[in-house]
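Inspection log for the structure reproduced underneath, given as structure tokens.
A, B, C and D are the chain letters, set down in written order, and residue numbers restart from 1 in every chain.
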Amino acid sequence: MVLALDSRRAYEVLAETLEARGIDLEWVKSELKAQEVETPSWGYADSGTRFGVFKQPGVPRNVFEKFEDAAHVHRMTGVCPSVAIHIPWDYLTDWRELKEFADDKGVRIGAVNPNVFEEQIYKLGSFGNEDPAIRQAALERHFECIQVMRDTGSKSLSCWYADGTNYPGQASFVRRKRSFEECLGQVYARLAGDERMFIEYKLFEPAFYHTDIADWGMATGFCRKLGERAKVLVDLGHHAQGVNIEHLVAWMLDEGTLGGFHFNNRKYADDDLTVSSINPYEVFLIYSELVEGKIRLGSGFQVDYLIDQSHNIKPKIEAMIQTLMNLQTAFAKALIVNRTRLAEAREGQDVVEAERTLVEAFNADVEPLLRQVRIEMDRPEDPLAAHRRSGYLEKAIAERSKRS
Amino acid sequence: MVLALDSRRAYEVLAETLEARGIDLEWVKSELKAQEVETPSWGYADSGTRFGVFKQPGVPRNVFEKFEDAAHVHRMTGVCPSVAIHIPWDYLTDWRELKEFADDKGVRIGAVNPNVFEEQIYKLGSFGNEDPAIRQAALERHFECIQVMRDTGSKSLSCWYADGTNYPGQASFVRRKRSFEECLGQVYARLAGDERMFIEYKLFEPAFYHTDIADWGMATGFCRKLGERAKVLVDLGHHAQGVNIEHLVAWMLDEGTLGGFHFNNRKYADDDLTVSSINPYEVFLIYSELVEGKIRLGSGFQVDYLIDQSHNIKPKIEAMIQTLMNLQTAFAKALIVNRTRLAEAREGQDVVEAERTLVEAFNADVEPLLRQVRIEMDRPEDPLAAHRRSGYLEKAIAERSKRS
Amino acid sequence: MVLALDSRRAYEVLAETLEARGIDLEWVKSELKAQEVETPSWGYADSGTRFGVFKQPGVPRNVFEKFEDAAHVHRMTGVCPSVAIHIPWDYLTDWRELKEFADDKGVRIGAVNPNVFEEQIYKLGSFGNEDPAIRQAALERHFECIQVMRDTGSKSLSCWYADGTNYPGQASFVRRKRSFEECLGQVYARLAGDERMFIEYKLFEPAFYHTDIADWGMATGFCRKLGERAKVLVDLGHHAQGVNIEHLVAWMLDEGTLGGFHFNNRKYADDDLTVSSINPYEVFLIYSELVEGKIRLGSGFQVDYLIDQSHNIKPKIEAMIQTLMNLQTAFAKALIVNRTRLAEAREGQDVVEAERTLVEAFNADVEPLLRQVRIEMDRPEDPLAAHRRSGYLEKAIAERSKRS
Amino acid sequence: MVLALDSRRAYEVLAETLEARGIDLEWVKSELKAQEVETPSWGYADSGTRFGVFKQPGVPRNVFEKFEDAAHVHRMTGVCPSVAIHIPWDYLTDWRELKEFADDKGVRIGAVNPNVFEEQIYKLGSFGNEDPAIRQAALERHFECIQVMRDTGSKSLSCWYADGTNYPGQASFVRRKRSFEECLGQVYARLAGDERMFIEYKLFEPAFYHTDIADWGMATGFCRKLGERAKVLVDLGHHAQGVNIEHLVAWMLDEGTLGGFHFNNRKYADDDLTVSSINPYEVFLIYSELVEGKIRLGSGFQVDYLIDQSHNIKPKIEAMIQTLMNLQTAFAKALIVNRTRLAEAREGQDVVEAERTLVEAFNADVEPLLRQVRIEMDRPEDPLAAHRRSGYLEKAIAERSKRS
């Protein structure tokens, strides 16, 4: 494949401009090719809000079909070879068949997520629950997930809790904190040396007065007590309005406590919208910190990128492809920042010049570059258009309605 | 019934203090006795969050049992003689039986709420939908509700819309605005001279980028175009953080556009928690504006009080009783403000004294007064304790599980 | 002047792409050339925060020097022919000299802003003050400004109030509302048929519990009572977090009540940062609504663009030029949206396609187009670089320190 | 002194009620008598906003007069024996005279606060500044303050920084973080074994894009690296909207990292209003965690209470007295919570009962109890009324205008 003519001309102009700025285009392209973003299995199935689930035709009916869709998205984009699973949603008694199926499709099983918030027993919390039997049930779920990791070759346990209270006075913050410490400690103790654990935080949950792991400071506190293999997971929608997320990212990168991301975007609350759909500049600024971190840390840089969005009104597969393209856009822009000039402007405390240097990269149209990269990766230059042309969804609709 | 001894002594001390401040205790008590707060039928049934519905034993299985519970709450408190219904949740082909049942239990049917947000067709909105067939379906639902009003003797149509968009660009704000104008106009045109329509606003909805009726200014804009019988409904949880709700209330009271309230409370988003549970002072300040408005407007003051809470983890009936007690507390405190001293302090621009006058009323313990009022209303002095003693829930559990 | 070679090639590629999308490039360019943005005289002088004023070398020492700087910025950019003045800051007993001076420099006097918040008498408010003498003083300031308008040929009175209260209970919301109505009415009554009045709103002010004109709904309420020539002014930093400003803009455009903008940007509060510096996508979305409004309303579209930023740490003139360039960028991107495709996607409720259409325009690098437009306007293609090369600031430093 | 008759009757009723609930009234009173709250010297002088300083008659003209006022407030209330000072505002070359003066008046010098944000050199930060000479200047200021501590007998260095950036890209978050680490380390190294250091955090500052110590997590991170004597200082106005402050307080108490408070209140931003004036329930909930912490930790509980308010429109001394009374109210309510019943309700996960137990204490009118405590402390039962009667301000106005 080669780039279409108009894209090629645009690419050439862009390449010249970037080279004139001293950007190493080969490095930029190799970084873009190396990016891996994990998609979640549930992101291919129907989802909804408190008002109900909005149904789409052709969505997967089981974990195999979810992996089928994920593999299709990876074929279109080339950047999402792994798929996160959630237990019990994706539970199987025997994982070999799925492993082979995934292998066969060119994807693999990624992070394992214990779900301890849907069953009635968790009404007042899981690890924060006052009732030891419920804490034990939640622990068992985690142990089960560690077993799934071993059965599937996954190396990450990704932990998020809908724990908290609804009313002042309802429970003791301190007792719940200590329960969490104790339970997380038991989970961590079971992890082997090459297995990692992510701890996610969230300021609020609809109807909550407090959440037990409210912010990165609390997640960090738990991680420090657990050990080196426990890291903080940042979900872009889990902060109060006005919080500077890129600052937190830079901070945690410098401390070595950043584990990864749940990408999405929000207007007001935890909206789980397509990443970059509300504030693309913020996503770019986060990626800019990641690029700086990568340059600083070299091979010591290890950050996992995961998608955590709820595509209620967009077609599932289109939304996933769009998300991956948006992440490529943000990453590409962060990679073409003239960091020499930026460092000089910062050193000279030239505020306008430093800002301009960043904005110049953000304002560049990197689409021609991304198209070229995709061609070089042997993928379609416009994955969304290619998907629409592919007939994949139509086939899924036909087969999945037939089979059900 | 007479007040228990210790409450009586506390009441006497309070009464003396208030009289020394020139408060007309008889007026305070008559206002408290006259307050009517409407409870919603769905508030007695199971509810939940996006994670699922949390089930409670003994909850109603149909609208009759919801009214049974509402009537029990009214027996305990004496302040909630009417019950809001939602269509289609509470839909009946023949309403006579329910009317008689309610009558018999000492309650009546209140506001009728058209629900146009749960069915699949409303995925992209109701009155704001681009598809005329869907707008027509939503209109029919409203017309049906107007018929229900006539069948049940209700005089209020209470309108809230989960309409909006999830992504920038998705739809034209202006086209949707005009669709709303057109549809609301058709609804209003069907209302008779003694029927009223409430328009509720809300800044955000999980996963939304914009809501079609985002704030009181938009609701007011629609009401002005519709006519005198369209009024704005304020839900305490539907504002951005930092908005001064009591200011909006005072403003709309002065303009004659305030229709009523959906009471609840929130910590971060639209949490639908028990009113006063997060910020009781704010609820008091709102009531203080209502009392000022009532004094100013006399019989021209017409504001409807409704409860719109989602008691996911509190027992349904206890939560409702607690809510009504909290509203009595806020109202009582607002009634005992020394308004003469407040006016003088304000006139003299004595900030400390004006504030102190308000705070003095807020800091008073009005529980003895409320107990006395309840006794005079022939209700138990502690409705929550009385409910717990009553055996009502145990009976409901037994009967409703038997019957199902 | 002609475009430098590399810009020319980039321009050609862009032009072809846009033409392939059916964008009328001549119309885009003519709109860009027609945009006028007013800069404020105080924006050229030293400014600061509550901690103090940060001083910069070479800043103007009087209104003539402020106009000199404004004229220089206009020479560099070509889009800011008018300068807003503030009374009493810019007060002159005779305005003829300034008018001629401005004329001579190629700029003119724009909106006149009465300042009623700095003097000690305004500690508890101006039009909202309980003291009639203080309200009268504020009125006189407004009348004086109307006289200045006539003396200078200005047609706009731009009104913002730091009025409000700091504590609950401090004053009556309703009394203050009525005071405002009365005073604004007196001001409006003095305006001639071709003179306009802007009313600005703001949710919060540091240390405030309420502001008298808290949101667009209140500003609209006042405007409706005043008459057709009173319009609402939107300052981008005056909303609660999470408010969808582009929605408000679309709404007011449709109602005919939008008067204009105070452009700036903010991270948390009312930060008065360079427009687009925090959320460029939001500024683009606002401009997109403006372009839609302009297409819909044609010559009936009248919206004033003003800058209201406080460049505390950026060099004054550089910051102003950067601001104007950012506005051109946002406007250009909004102009190249493929509105035919957008309308079709919206009609078909194709969320992904509608969003993509908008994003495609936002992602375009419009810098080559803007450079071409500037060349055609006979201005430097990079105004900031041109300013830096011009030696203007060095000269100002030399002269202004010499003369002082 | 004895309590006035009506207060005495109210007190007796309250005392009986509390005793019936098993509250140990003597313990409550002894805790109330032991509470010490530090007032800041600048809180007695004129203050203002970005619009200017609002002047009040009779305010102190130097640090001696500030201490005179602070001593008067302590005479009225009995709970504020120490006064925080700020360098350079309160700088003296010889501190012996002030120490003796304070001693003589019955107060002492409290926390020493280095001010590194007002001078022009700090325009781009102090410890976060790129310029080593500026960092050194800031360090010298801190060393000077440590010397002041030794000269005055103070044991606390209270550190807050207005450091941050205004624009994305302006500076490297990581470089600034490391600068802070390095500088704070140098300061800490100079502290003796019985000297403590407070590190305050703040999410935002008007016009800022990021602050270098944005939240409790960052302050904690610095403290952990410094050592045991560095503790986090919580200012109630320094959080994003929606943050649950009492949760943070409980967390830090359990970790042993909480140093103290800067008390105030806010509606939207960092408003520095009178504590409890906007949300008294939140202040009560914070105190409730403090009481729990105290019971849990016993003599290990060490938390400093300081006031950090800006009384722009309230008379300085009145506002300070009102603040101290509000804190007594919140503390008293937290002390009379029936913690046995609360613990039982929590253990049984009875949400309504647990909440009610807290609310019951909040709703109690503790004024009679506070009056009794003040009498027992040999202070006026209504300190604000006593101050107004005292003629202190009139005398200050007369003397201070005479002497100036």
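Definition applied: a residue touches a chain if its C-beta (ideal position, glycine included) is under 8 Å from a C-beta of that chain, and two chains touch if they have at least 3 such contacts.
Just so it is clear, the model here is predicted, and its values are computed rather than measured.
Chain A and chain D carry the same sequence, and matching their CA atoms takes a turn of 180 degrees, rounded to a multiple of 5. Counting C-beta pairs in contact across B-D and across A-B shows that the higher total falls to A-B.
Centre to centre, using the average C-alpha position, chain A and chain B are separated by 40 Å. Shared interface positions of chain D, defined as residues touching 2 or more other chains, are 124, 166-168, 203-204, 209-210, 240-242, 244, 267-268, 274, 277-278, 281, 313-314, 351, 355.
Touching chain A in their complex are the following residues of chain C: 6, 9-10, 13, 16-17, 20, 241-242, 244, 267-268, 274, 277-282, 313-315, 318-319, 322, 329, 351-352, 355-356, 362-367, 384.
In the complex of the two chains, the chain C residues touching chain B come out as 124, 130-131, 166-175, 177-178, 203-204, 209-210, 214-218, 220-221, 239-244, 246-248, 250-251, 253-255, 281, 285, 288-289, 292, 296, 342, 346-347, 349, 351, 354-355, 357-359.
Across the complex, chain B meets chain A through its residues 48-52, 54-55, 117-118, 120, 123-124, 162, 166-168, 203-210, 240-241, 267-274, 277-278, 310, 312-314.
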